[in-house]
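Each of the next two complexes has subunit A plus one more chain, namely subunit B in the first and subunit C in the second.
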Partner chain A sequence: MDDHVITVLNNIGGFSFIALSAYLLLLSGEISFGQQAFYGIGAYASGIMTAMFGMSFWLALPLAMLVSGLAAALVGGLTLRLRGLYFAIATLAFAETIRLILVATTWQVEVDGEPVGPNGSEGLGNIRWGFDNEYEPVDFLWMIYGTLGIVLLLFFLMERSRLGSIVRTIGADRLLAETQGINVTRYKILVAGLAGAIAAIGGAFYAHIQTTVYPENFDVMLGVHSLAYGLIGGLGTAVGPILGVLLDVGFLEAVEWVQGYRMIVFGGLVAVLLIFMPRGILDERRVHRLRTMLRGWRTETHGAAGN
Partner chain B sequence: MRIVFAGLAAIALSAGPALAKDRAAVKIECKETATNLVYDCMLHLSGRKSEKPIEGARVAVKPDMPTMPGAHNIRASTATPAGTPGAYGFRMKLDMYGIWALKVTVTGPLRDIVVQKIEFRK
Partner chain C sequence: MALLEISGIGRRFGAVEALDAIDLSVEEGEVFGLIGPNGSGKTTLFNVLTGVYPPSAGEIRLDGAPIGGVRPERIAGMGLARTFQNLRLVPHMSAFDNVWLAQHRRPGMGMRDILAVGGRRERARCEEVEALLEQTGLAARRDTFAGDLPLPDQRRLEIARALVRQPRLLLLDEPAGGMTPLETREMADLIRTVAAPGRTLIVIEHKMDLIADICDRLCVLDFGRKIAEGPPGRVLGDPKVLDVYLGREDGDD
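Here is the complex of A and B:
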């Protein structure tokens, strides 16, 4: 496969994690403009662990998810009383705080005679685990899509479970959820933590492919995109936000003349879709229709096989 | 349980940082051509410790915009030797002006990755 195609696919896969993270919060009725902070925490935490302390990526990844998940749960806990626009602004403020902390942080150790570690606006470089172990972009492709497959499977299981119903109920009507005896506080914190951990996966992969990350990688632009992916792709299924990523990175990439104007085209696409499809392309109604069609097709196939 | 711990320890220690003995020092200078956003660049490659120019290397340069990570998927440019020792030239077309991080992958006599942030103006 062409190296450029692999890079595009890796970016689509990497963005899918932050899109799924924002999607999970949207399901619970919260709009977050701050998921880029957890993507950044994932990138920096995993990068610090592999570059400064020589850990394997496979150990650094779950630890980075844990760090990011705990930070997200903390933010979720602190912002419990906030709703709607106030919650969105609080998440944006938190993300900007994290970015500015990264700009102000210098912490370096010497590894083989080289200073390694976060260096303020110069970022965190020398994240060479993949390079030193001779991982090619195609190896990262398998790693990203393998992990994405596991995360998607967990999403499908969650959406068919009691937890999925509870999250959607809270998202639809918080008061109704409370009257049904659901501990909304506990579930809100859980969802925030899970969303943070999922975003961290994308950040960890990004850091190890790029080998250098900068604080400005995690600014509001990434947060707006992550939110838009779910809104474009649809909130009916976890495939929705991935469809949103595909439309942005994949489609806009394929149409060459768009590339210099991609933000304008992307903004227009979001605006048009939100007018005509407020809950995205794969909204709950379309997903239900698709599932019914699929079930009918399966019944017909099995019936024909039985005869 | 012991096997689990042994496995975890093996994973944790399997891939410590193994920085190359000498690292690459990279200096990049770019000049916009008559076409907007198309740049002719000259890359000077030398050993960081030895300070000697590195010849016969395969050099690829891939730009990424830090404020929009992964959003601009620009093809990597291959830099070719440009006459003087350690000098490599390449052409690159960007999507927009601003600060870009150029990831330089060097293989051949020295294997390294160096990332440099450069501001591209009109």
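Here is the complex of A and C:
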């Protein structure tokens, strides 16, 4: 495979995690403009662990997810009482705060005679784990898509379980959820935490492929894109946000003749879709129709598979 | 002791006294009617009972346990289920899933059941959902999106969803609202089957023939106050009731 293709595929995979993160929140009825913060926390936390403390990436990844997930659950808990636009503004403010904290933070230790660690707007460099272990971009490709496969599988299972229907019910009608006995507070915090952990995966891979990350990588445009991926691709299945990433990164960014117009085309696509397909291309109705067709082909009948 | 004991319940919205010192008690196994003109406080009373609004005054006991001001999800866990006058279904979920999702707060359901996909216990619960769809006449529509169902089916689906929780007290908010006379008769039949095994029901309804047909006792609200209570024959003949309620019926919905 040529390097350009691998880079594009790695970008698609990496952005898929933050897109899934925003998608999970969209299912629960929340629009977050702040998922880039958890992508950033994942990048910095994992980078600090491998570059400064010599940890293995495979240990740093779950730890970074934990850090980011806990931070997200905390933010989720603090913003629970906010609805709609106010929630969106609070998440944006939080993400910008995290970015500015990163700009203002310098914390370095000496590794092999060189200072390593977050250095304000100079970023966090020397994330050499991939380099030291002689990982090529194509190795990261397998790592990213293997992890993405696991996360997607968990999403599919969640959407077939009661957890999925609980999250969707909260997203559709909070009062209804409460009168059905759903503890909305508990599930909102759970969803926020899971979404934070998922975004961190993308950030961790990004940091270890780039080897240097800057606070400016995690600005609001990343959050806006991650939201748009779910809204373009559709809210009926976890494949939706990935379809959104494919359309944006795989098509608009990779195909040269749209290069200069990418943001115009992307913005137009979002606007047109929000008018004609408000819940995206793969919305609940199309997904339901596809599933019914699939079930017609298979002979087995499955009660819970009706969703 | 009565299953539901309401004493001195009040609910105020700003200067409006939506409910004013209501006393009621509903016995186990009773079908209790709640009538009154629009804006008389019937749905507000349901909202206070289900925890959507806390009461401003008074006490509510469900089987002896105080539920006034308790969070709605806790009250739902105590065996109280309701339907909504203005229909609250998840529109982009199938009829089956709308009922299925309500099973999660049943006794014995833990986090493992919330995360389970398939399994023997899950299959048994699904069969129960199918049986309720059958009972409410929705079996043929099990895969239709709730939002695509005609209104009478949506009202039936709300009843199926409430029943799947095996409630001790079921509140029906205008179950025949917007229905034709034939559909209303079918709804009356359904409510009778629902009540048959000794279930306790409180029914809000504007259709007097339905109320007279299914209720053991009823109570009339007007401007948030209780103005009459008793068996349908007596209450519906009460001149005070005829004056405030039936006389104005033509103007309503």
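Heads up, the rule we're going with is that the second predicted complex is superposed on the first by the 296 of 307 C-alpha atoms of A that agree within 3 Å, B and C clash if a C-alpha of one lies under 4 Å from a C-alpha of the other, contacts with A are read in each partner's own complex, and residues count from 1 in each chain.
Simple rule for what comes next: a contact is a pair of C-beta atoms (placed from the backbone, for glycine too) under 8 Å apart; a residue touches a chain by one contact, two chains touch by 3 or more.
Quantities reported herein were computed from a predicted structural model and do not represent experimental measurements.
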Exercise. Kindly classify A:R83 by the partners it touches after superposition: subunit B alone (first), subunit C alone (second), both, or neither?
Key: neither
Practice problem: In the three-chain superposition, say which chain, subunit B or subunit C, touches more residues of subunit A. | Solution: B
Practice problem: Applying the touch criterion given at the start, work out whether A:R289 contacts subunit B, subunit C, both or neither, answering first, second, both or neither. | Solution: neither
Self-check item: First, second, both or neither for A:N133, with subunit B first and subunit C second
Solution: first
Exercise. Once the structures are superposed on A, label A:S56 by its partner contacts, choosing first (subunit B), second (subunit C), both or neither.
Key: first
Quiz item: Once the shared chain is lined up, is A:D3 touching subunit B (first), subunit C (second), both, or neither of them?
Solution: first
Quiz item: After lining up the shared chain so the two structures overlap, which partner does A:R262 touch, if you call subunit B first and subunit C second: first, second, both or neither?
Solution: first
Quiz item: Residues on subunit A in contact with subunit B in one complex and with subunit C in the other?
Solution: none
Practice problem: Can you check the complex and tell me which residues of subunit A touch subunit B? | Solution: 3-4, 7-8, 11, 14-15, 50-51, 54-59, 111-114, 116, 125-126, 128-129, 131-133, 206, 210-212, 214, 216-217, 219, 221-222, 225, 249, 253, 259-260, 262
Practice problem: Write out the stretch or stretches of subunit C touching subunit A in their complex. | Solution: 50-52, 71-73, 76-77, 82, 84, 88-94, 96-97, 100-105, 113-118, 122-123, 126-127, 129-130, 142-143, 145, 161, 165
Self-check item: Residues of subunit A touching subunit C in the complex
Solution: 157-158, 160-163, 165-166, 168-169, 172-173, 175-184, 236, 279, 283-285, 288, 292, 302-304, 306-307
Quiz item: Inside the complex, what are the residues of subunit B that reach subunit A?
Solution: 8, 11-19, 23, 37, 62, 64, 66-73, 75-76, 95-96, 101, 103, 113, 115, 117
